[in-house]
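In the two complexes below, chain A is the common chain; its partner is chain B in one and chain C in the other.
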Partner chain A sequence: MDQGKISPWQLTLLVMSFTIGNWIVLPAGTEAWQNLWLIMILALGEGLVFAYLSLLLFRRFPGKTLFEIFALVFGSVGGKFLSLLFLWFFLQTGAAALMIFVTLLKTTIFTATPDMALLVPWMLIVIYGCRRGIEVIARSNEPLIIATIFLLFISVLLVLNIFDPANLLPLFNLPLSDALWISVGIAVFPFGQNVLFLMILPRVNRRQKVTGAVLKGMIGAGGYLLLIQFLTVGVVGKVGEIYVFPSYEFYRMIDIARVLTRLELIPLLNFMTMGFIKIMLCLYALAVGTAQVFNLRTYRPLVFPLGALLLIAAFRFAPSISQHLRFVEEVNPYFGLFYSVFLPLLTLGVALVRGWLRRRVTS
Partner chain B sequence: MGRTADQGGRNRPFSKGGLRLLMILLLIPLLGGCWDLRELDSLALVFGMGLDLGPQGDGYRLTFEIVRARQIQTPGPDGSGGGGGQRNPYWLLQATGPTVFEAVRNATLQSSRRLFLSHTQVFIIGEELAKSGISPTIDFIVRVNEPRIVKWLLLTADEPEQIFAAEPGLEQITALAIADLIQNYGITSKIKPVRVVDYLETRMHKTSANTLPIIRIKETTGKKELIIDRTGVIKGDKLVGYLDPKETRGLLWVQDEVDGGVVTVDAPGGEGKATMELFNADTKLTVEGNEHGIQVRIEVKVRSGLGAQTTSVDLSTTNQIERLEKRQAEVIREEIGAALTKARDLKADIFGFGEYLYRHDHRRWKGLESEWERYFVGAEVDVLVEVMVEEVGLITKPTIYRAPEGG
Partner chain C sequence: MIIFVVLVFISVFIYEAPELVEKEYWRELAVFTLLLLLSLVLSSLLVSGVKLPYIETVWIELGEGIHRVIQTSL
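What follows is the complex of A and B.
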């Protein structure tokens, strides 16, 4: 198994990249459009609570991955079953990111390029990085996330002349129940997907700092996405509602003295870097998880076939962007709640009850 | 020796370095460039696009103004021109199709190069088409990645191809001339500039009516030249009426889009007129309402200076300036009034009062939305104009100066 170690700070940055992931180009809950950035504050709060609860699991079983915890709590068979369920989650998360990656490129700049010509070299890099282990992923993530944040600050300066605060009004015009439901959807995607890090936490060198690091990363990513959404609404206005990729459109509208225009490469760059880390982490979790389910010594031989599987899954799960959008809107809140809230809490509950029973028996 | 090396190779088909090299080699051809390689010499750069109803009244007839890049090089010192011949710097191409997209593709039947729409500066829509609805036309522009939504949208009563075929004045390409014409709207503030995205934005507010500038051909000494001197009112996606330049500026006052221009008033205390230049204008709009009706308050603050006078009376005294300010305010109020009257006649909320109410008081707005037309027509509108005349130019006494009698 991978013996690499990462620092809490690297973990924070990884959590940030992973959360920003594909949300940066394709936000969920766009039916709330104007109110989305406000709802995101709420969603971030909910996401932090969910994450804290899941992290309690790691506190109780320090140094164990999620799958090892499953095995300890539910026994060998039950643990394997839950592990397989989670492998599906990793596969689906990675496939969705990959699918959005190819759709974005196909509809914007590489209109005539065959999908495979985009995906295969991309997957090769992902596989290569994944085989190198978590240490390499974390280190390669550092410059990428710093560049992404830097580009955000540049973007703020670039849109000062076209930002119209009137577009943000009315601040809140949704029924509260709708807003809450959308916020749950956002709390599980993108924030809830961080449950994947339960596979990676044992690789952090200072365990007592893990909780803080993860929460910090989520807050950072939440702030980042919120700011992007805020700017997009202010610049694009109500029209943003009808776009598949609103933030892409927002960069297309930048116009500084008719010289600095056509900056749509910025969101593509942001997504390509953040999505890269996200897909890589999904593949990593998938490979390490599979290795643990089958008690293998190393995950490395699995990376290549699983990468190929991810590629196929990207086309299978969502052959068109409409299907993906429908999934995000209708299925994902339940799907996400099941994986990032229900399963970790169930495990924690069972673990606590079993511990309590054991203590009673021994005393 | 050779055998062992081979065997080593067989056991580890990819050494670390070999694998890396293989990957790099694999990636080079793929990352090098786009799949559909498009160089400048294989593209037809479209600068202007005209859209009108098809010949039998169904489908679309599109006109493309395609630039001949070779023809627009600056002439050499001998005046021979940069590239071959004296051909027109642009080529007008027409195509028809049941949808805009198909018409764009059909154009390639006549063009040796693929049409490239990313540089389109203006979209000119024929009035016939505008009367039957604009949004179906715009859908393509917004949906496809090539055309840009921050480019200008215009109407014309003439055939769009006639507009593109007109004299481009100082420019070489008509589409560019039109784009510049609109961009300089602030010199008069009598043109309402509208981008595709603005049209869409207004369209998405159910009660707001759109306005689009109308371009037409004006014959000057036998030459066809272009002029934008009207604004079309588009209610519910269909052209329903027109604003003249005065009403157009009335609209711009309300929308806080006046960027400059001049106002001519009757000179106080004498025959003749005085023209004031606007330096700065700022409008504050407030809309309040309940089920009994809505109240609109338009506060305009203007800073201006005297630019020309035709009377012999000295207008630069403080007294006269005060009267000039009052008269100027009167003229501005008239302009706003004219726009309001026209909008009420057409029952079209071109100012976006409804949008304002929605943004600032959406709960109240919900109750009024369904009958907005009635509320809009019956709105009480207060117009407050505050004018400051700050400058009188380089001279104080008029050039038509008459020395005091008996001097």
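What follows is the complex of A and C.
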């Protein structure tokens, strides 16, 4: 298996990139529009609680991946069944990011380019990176996330002349139950998807710093997405609700003395870099997970066939972006709660009960 | 197009398999071949125009079905 090691700081940056991923161009909970940036603070809080609970699993089984924990807690058959469920989660998360990547490019810049021409070269790079191991993924992520953060700070300066605070109003015009439900949706997507890192945590060289590293990464990504959302609402106003890719539209409106215009390449660049890392991490978790399910000694030969499966899943993910938005709004909260909250908590609960029973029997 | 897809998958097999045979990683070879065949079949179906179901449509229909069952039982 992969012997590469990453530092807690690299883990923080990976968590940031993974969380920013495709949310940067396609936010969830747009029905709350002007309240969305506020709801995100609540969602981040919920996401941190969910992540902390999942990290308790790693604290109880240090050095074990999620699939190894499943095998220890539920036995061979039960563990393999839950592992297969999670393999599907990794596949679906990666396929969704890939589908959004191709939809964004097809509807904005490469309108006449065939899907295959966009996806196949992209997947080849992802497969190559994934075969090199987690260390290479973490190192390649460092300049990409720094560039992404730099572009955000530049964006704050670029929108000063078109940002209108009146666009942020009205605030608090949403029923509390709706706001809470939307916050749960955001807590599981994008924050809850970080459950994938339970496959990567054993590769961190200083295990005692893992919890802090993951939580810091989530807070960083939450702050980043909150600021992007805040700027988008302040620039495009109420009309932003109807856009499929609101941040893309907001960058289109930037106009500094008719010299700096058409800067929509910035969100594309941000998504291409962060989405790239997200898809690569999904494929890595998928390959390592499959290798563990079948007790293999290496995951590398599996990367190409699984990458091809990811590509096929992206092609047949959703018939249209509108259906994907419906999925994110109606199905994803349940789906995310099942994977990000229910299954880790169930595992933790069963592990605690079994430990307690064992102690009673021995005493 | 199918011929091209088959050629790509054969090339990948030729690239990966010898190393696995050399190291006597038989289990790895078996899983790799199985996954490669699965991807090959699905890719061939996709490029030949067979309408595979959409993942999200399946989930949405499943969710609606569960919702209907809950509503009728209440």
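Note that the second predicted complex is superposed on the first by the 363 of 363 C-alpha atoms of A that agree within 3 Å, B and C clash if a C-alpha of one lies under 4 Å from a C-alpha of the other, contacts with A are read in each partner's own complex, and residues count from 1 in each chain.
Simple rule for what comes next: a residue touches a chain if its C-beta (ideal position, glycine included) is under 8 Å from a C-beta of that chain, and two chains touch if they have at least 3 such contacts.
Just so you know, these numbers come straight off a predicted model, no measurement behind them.
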Please tell me, clash or fit, for chain B and chain C sharing chain A in the overlay. fit
Look at A:330 in the shared chain and tell me whether it touches chain B only, chain C only, both, or neither; answer first, second, both or neither. second
Kindly classify A:290 by the partners it touches after superposition: chain B alone (first), chain C alone (second), both, or neither? second
Determine, under the contact definition given at the top, whether A:239 touches first (chain B), second (chain C), both, or neither. first
Between chain B and chain C, whom does A:316 touch in the aligned arrangement: first, second, both, or neither? second
Classify the contacts of A:45 with the two partner chains as first (chain B alone), second (chain C alone), both, or neither. neither
Quick test of understanding: once the structures are aligned on A, what is the angle at the Cα centre of chain A formed with chain B and chain C, as a multiple of 10 degrees? 110
Touch test for A:304: chain B only (first), chain C only (second), both, or neither? second
Touch test for A:253: chain B only (first), chain C only (second), both, or neither? first
Which holds for A:92: it touches chain B only (first), chain C only (second), both, or neither? second
Smallest Cα to Cα distance in angstrom from chain B to chain C after superposition equals 5
Could you tell me which stretches of chain A are touched by chain B in one complex and by chain C in the other? none
State the interface residues of chain A toward chain C in the complex, per the touch definition above. 92, 95, 290-291, 294-298, 301-302, 304-306, 308-309, 312-313, 315-319, 323-324, 326-327, 330-331, 334-335
Contact footprint of chain A on chain C as seen in their complex: 9, 12, 16, 20, 25, 27-29, 31-32, 35-36, 38-39, 42-43, 46, 52-57, 59-60, 63
In the complex of these two chains, what residues of chain B are touching chain A? 23, 26-27, 30-31, 34-36, 142, 145, 148-150, 197, 200-201, 204-205, 358-362
Going by the contact rule set out above, which residues of chain A touch chain B in the complex? 107-114, 117, 120-121, 124-125, 128, 166, 169-170, 173, 236-239, 241-242, 249, 252-253, 255
